[in-house]
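In what comes next, chain A is part of two complexes: it sits with chain B in the first one and with chain C in the second one.
Up next is the complex of A and B:
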C-alpha cells in the first residue's frame, strides 16, 4: 500500500497545472461554503445574543400563563421568598426582578402603546444591556418619578430630556391608573422598534402605580454559561414549581428566534450538499483524465504483475491527496480571511431595515465558524474527492494489459 | 484546411465525442448548475412575489395618500378630508382595484381586567372587504359590519392579552382632536391572525364613523390606501395622482417606501442568492476549465499538425471555443428541460415548510410554497452559463493557438 501511496502523490505533481486548477476549485468551494455558513451562523448567534441581552435573559420565572397575556393579575406574590430559594443555586450568575405591564404613554403631542418595565436600577444592568444604550441624560438612579425611554419614542412624542410624560395602565385592582414621570435618560438600542415599545421606570414606582405592593411580574436570571441554562431552569422548577410559578428558558420565551436559527441551519446543510456536488463534477473529470492518459503506463504496471487492487488503491490515494491538499490550502486561506473579518466584520448596513426582522441585530455581522461548519465542510470536500476517485479507480482496475496496450 | 466555417463546426462536434465519458461528465456539471439555478431562482422570485402580495393585501395596499408629513409623524393632527378630485379619480379609474379610507390613532384598550396600548384603526368595512384579505385571516367571530358603530375587531394576540372573547365589551381610551380624554365602549365582533406578530399584537379595528366620532374629527382621515388591479401600473397611477394633488399638502407613498424592511429583506435574500449562485458557477467553471485544458493539451500534436498544414491560430481558437460552446449548449438544453420539469412540478405540488410556520409568517409567507415559471430566469441563467463556459475555454484556446508547430510535434 505504501508504494501505491507514493505513486499517487507523485502522480498528482506530474501535471502541476491540472492539479493546480482543480485545487483552486476545491479551495474556492471550501472558502465560499465555510463563509456563507459562517455569516448565517454569525447572524444566528447575534440574534440570540441580542435578544438575551435585551432583557430576555437566560431564564425567566413567572406565574404560569403570564407569557401568554402578560396580565398584571398573574404575578409573583412573594419575590423575596423565591429569591431566597434560588439565590445560592449552582450555575446562577445574577438575577433581577421586574414588573411588566402594557400601557399607554402620552405627551401633550401624541401617545403610544408601550411595555412598561419596572426595574431594579442596580441589578437590572447586570443582565440587561439597556443602561449601556444610553445616549442622553442618565440611567435610572432609584429616585421617584424617573423614566428612561427610547429615542424613537421620544421623537414620536416630541419630548426631550426632563420633559414630563404621563404613563397609563391598568393596576392590580383592574382600575386604570396613571402617573407623571420626568425623562431621566434616552436610549438607542439595536432596533428602533424596540426603542419605540419599551420604557423603563423604577421598580418601586411601578409597584406603587399598579398597586402591586411588593409583587413583581417576573424574575429574570442569567446562568454562568449558556450550557447551564436547561439544568438551572429544571432545578428552579423543582424548587418552586408547586407554587404555580414556572421557570422558562430563553428558548421557550422567544420561540420565533429559535425557529429562525433552525431554519438558517437547515439551509446550511443544503449549502454543503450543493457545493459538494458541484465540486465533485470537476474532481471526477480531473482524476478520470489523469488516469485515462496513463492507460498504457498502468497496462505496463499490470503486465509486470501489479495486482488490480493496487492500481485501484493508487487512484483512490490520488483522490485522497487531492482532497487533503484542497483542505490544507483551503483552510489556510479561510483562516487568513477569518482573522481579518473577525476584526472588521462585514457591513450589512444597506440592509439595516430588514435586519430588524431578525431580532434587531447590529448592522455589522461577524462571521462565526462553528464546529459543525468545520466538520461538515471538511468532511464533504473530502468525501467529494474520495468518491470522485471511485469511478475512475474501478474503471482502471478492470483494465487488462492487452487492452491497455492497444489504447493510444 | 482553408478554414471553412462549417468545417470547424463539424470538427468541433466530432472532437467532443472523441471522449464520450469526459464530455458527458462535463455536460452533467453544466446541467447541474443550470437546473439548480433555474429552480432556486424561480423559487426565490415566486416566494418574494408572494411575500409582497400577501403583505400588501393584508393592510398596506400598493400605495397610500396621507397628509404631508404623516408618515414621519403619525398624529391625528396630520389628517385630511379626501379632496373631491381624488375620490372621483379613484372611483372612475379602471386601474384602481379598490380603495379605503382609514383613521389611525394610538389608544389604550381595556377589557376591565387587562389593558394594553393599541393602534386603533377606523375603517369602512364594506370597502375594506373588497380591499384586503383580513376577512380570510379571521379566526373567530365576524368581521365588522357596515354601520356597526359599536363593533371592534382585534388581533388574536391582542384579544388573548386582554382575555376577551367574542361579544365581550371593551373600553378604548384616547386623546381626541382637541386634546381631551375620550373613551367609548365597544363589543368584540371577532379576531384575526395575520401572521405578522406586530399586527396581531397591536391592531384594533372599529368603523370609520365610530373612530371619527370618538376623536371628534368629522370626515377627516389619516390615510387613503389604494389597491391596484394590476401591480404593474403602480408607477403610472402614482404619477397621475401626483399630477392633480397639491404636493404642499399631500404625500403619495408607494408600498416600497412604506415597507422598507420588506424591500430590504428581499434584497438581502437576492444578494445571498447571487453570492451562492456565483460560488456554484465558479466551482463548476473551474472543473470545466480543467477538462477543456486537458482536452486541449492531449491534442498538442494534432494542433501542431493542423498548423503545419496551414490552419491559422485564429481557427484553432475558434475550434476550441466552439467545442466548449457545444458542451455548454448541450448542458443548457438538458438543464432547461430538467429545470422546467422540476419547477413545473412544484407549481402543482407545493413545498411544505410548515415546520418553520412562525418564521415564515413574520415575513408574510405561507407555509405551502408554490413555485412559478419565469421565462427571464431561464434566459439569464442560460446566458450567464454560456458566457462563463466560453470564458473558461478562452485560456486553453489561446494557449493552443500560440503553439509553434515544431514544438508541438515534438510534444508527446
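Up next is the complex of A and C:
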C-alpha cells in the first residue's frame, strides 16, 4: 500500500497542469457549494431575523383565532395577570403588550388601509427594531396623540412631520371610531411595503380609541435564544391555555417565511447534488485521461510483477490525494473569502426590487457558514473525487499487460 | 546447462482483428535450458514478440501451453501470473519503460519492494547492480535525466536485480546506437555467465544474433531454424 501511495503521490505531480485543473475543479466546486448554501442560509436567517425583529417576535400570545381575522373582539382581557404568570419563566428575555387593529389612515390628500399598532413605547424597542428605523423626528414618547409612520406612507398621504392625520378603525363595541394624531416621527424599514402598512401609536391611545380599557390584542415575547422558543411557547400554553389564550411561535405566525426557508433548503440540496455530479464527471474525465495516457506504463508495472489490485490501489490513491489536496486548498480559499464577505457582505442591490418581497431582507447578504454545511460539502467533494477514480481504476485493473502495451 | 527452464508445447496464437484471423504462432515447440543466452529472430510480424509475451505470461496462447520452471502457466490466475513474473522473470523492453516518477535507484528497487525485501537490503543490492552496469553516478537521476543507453542499463539492472531465472528482452537494442547496443550486450552476456541467468531475446538486430549462443529463427509463426553456435 505504501508503494501504491508513493507512486500515486508522485503521479499527481508529474503533470502539474492537469492536476491543477482537477484541483481547481474541486476548489471551485467546494467554494461554490459552501457559498451557495451559505448565501441561501444567510438569506434565510436574514428573513427570519428581520421578520422577528420587525414585530413578529419569537412568541406571541393571543386569544385563539386572533391571527385569522385580527378582530378587536378577540383580545386579552387581563394582560397584567398573564404577564404575572409568564414574566419569571426561564428562557424569557423580554415582552411587550400590543393592540393591533386594522384600520384606515387619512390625510387631507389621501387615505390608506393600515395596521394600527398600539405599543408600549418603552418596552416595544426591546423586541422590535422599529424605533431604530427612525429617519425623521422622534420615536413615540408616551405623550397623547403621537403617531410614528413609514416614509412610504407619508409620501402616499403627502404629509410631513408634525402634520395631523386621522386614524379610523372598528372599536370593541363594533362602532367605527376615529382620532387625530400628530406625526412624531417617520421611519424607513428594510421593506417599503412594510412602511406603507404599519403605523404606531401609544398603547394607551389605542386602548382609548378602540374602547379596550386595559385589554390588549397580543403580548409579544423574545426568548433568550432561538432554540428556546418552542419550549417557552409550550410552558406558556401549559400555564394560560385554559383561558382561551394561545402562545404561538414565529414559525406558526409567519408560515410563509418558514416555507421559503424550507424551499431554499430543498433548492440547496438540488443544486448541491448537481454541482457534485458535474464536478465528479469533470474529475472522472481528467483522471481517466491521466490513467489512459499511462496505460503502457501501467502495463509495464503489471509485466514486472505488480498485481492488478495494486494498480487499482494506485489510481484510487491518486483520487484520494487529489480530493484531499482539493479540500485543503478549498478550505483555505473558502476561509479567505468568508473572512472578507463576513465584513463586506454580498451586494445584491441590483435585485433590490425583488428582495423587497422576500420578508424585507436587506440588499446586502451576509453568508452564514454552518458546521454541517462545511462538513457535507467537504465530504461530498472528497467522496466525489475518490469515487471518480473508481471507474478509471477498475478499467485499468482489468487490462492485461499485453493489451496495455498495445493501447499506445 | 541441462535443466529445462522453459518449454512450449504446440503453442498457437490467433489474433482476430476486424473479423480477420491472423495466425501469429503456429504450433511452436521450444525448449530453453537454464543459463542459455539465446535469441529469437525473424522479420517483423514473424511472431517473436508474441512468443516472448506468451512465455512471460503477459499474453495467453490460443492453444498449447508454456511450462516455466516446471509450472504450467495456463492454470495460473492473473494474480498468480503476476506473482510468477515477479519471482521468476525479468523484463527488458525496447523503449526502456522505466517508471518516470521514480529515480534509477527506485526503479531498480521496485521489484524487490514488491518481493517484500527489506529496505536496507534493497538499497544495497540496487546500488551494487547500478554500479555493475556503470551507473553508480546516476542512482538519483530520474529517467528523463538519462540517455537512452543509460535508461536501458537501468532496465537491465531492474530485470536482473531480483535474481530471476529468466530475463526476457524484447528488441533491447532497437532504440540504441550500435556502440551503446554492443556494450549493453556485452554487459548482459557477462551477467549471463556470472549469474547463470537465462537470457531470451527477440530481435532482428544482427549484433544481438551474433552475440547469442543459440539462434531460433521464426517465420510466419513457425520455427524455421534452431542453431546452437
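FYI, the second predicted complex is superposed on the first by the 381 of 408 C-alpha atoms of A that agree within 3 Å, B and C clash if a C-alpha of one lies under 4 Å from a C-alpha of the other, contacts with A are read in each partner's own complex, and residues count from 1 in each chain.
We adopt the following convention: a residue touches a chain if its C-beta (ideal position, glycine included) is under 8 Å from a C-beta of that chain, and two chains touch if they have at least 3 such contacts.
Keep in mind that this is a model prediction, so the values were computed, not measured.
In the overlay built on the shared chain, the residue A:401 is in contact with chain C alone; chain B does not reach it. Legend: residue contacts after superposition of the two complexes on their common chain; A:174 is shown touching chain B, with no touch to chain C. Ranking chain B and chain C by residues of chain A touched puts B first.
Of the two partner chains placed by superposition, A:132 touches none, neither chain B nor chain C.
By the document's definition of touching, of the two partners only chain B reaches A:68; chain C does not. Of the two partner chains placed by superposition, A:213 touches none, neither chain B nor chain C. In the superposition on chain A, A:156 contacts chain B only, with no contact to chain C. By the touch criterion stated above, chain A contacts chain C in their complex at residues 3, 7, 10-11, 13-14, 296-297, 300-310, 400-402, 405.
On the side of chain C, the complex with chain A involves touching residues 53, 56, 58-59, 78-79, 82-83, 85-87, 90-91, 93, 97, 99-102, 110-111, 113-115, 158. Of all residues in chain A, those touching chain B in their complex are 17-18, 21-22, 24-25, 28-29, 32-33, 36, 68-73, 101-106, 108-114, 156, 168-170, 174, 176, 193, 255-256, 259-260, 262-263, 271, 274-275, 277-279, 281-286, 288-289, 292-293, 348, 350-354, 356-357.
Touching chain A in their complex are the following residues of chain B: 19, 21-22, 25-26, 28-29, 32-33, 36, 73-75, 106-108, 110, 112-119, 160-163, 173-175, 179, 197-198, 202, 260-268, 271-272, 275-276, 279-280, 282-284, 286-291, 293-294, 298, 356, 358-359, 362-363.
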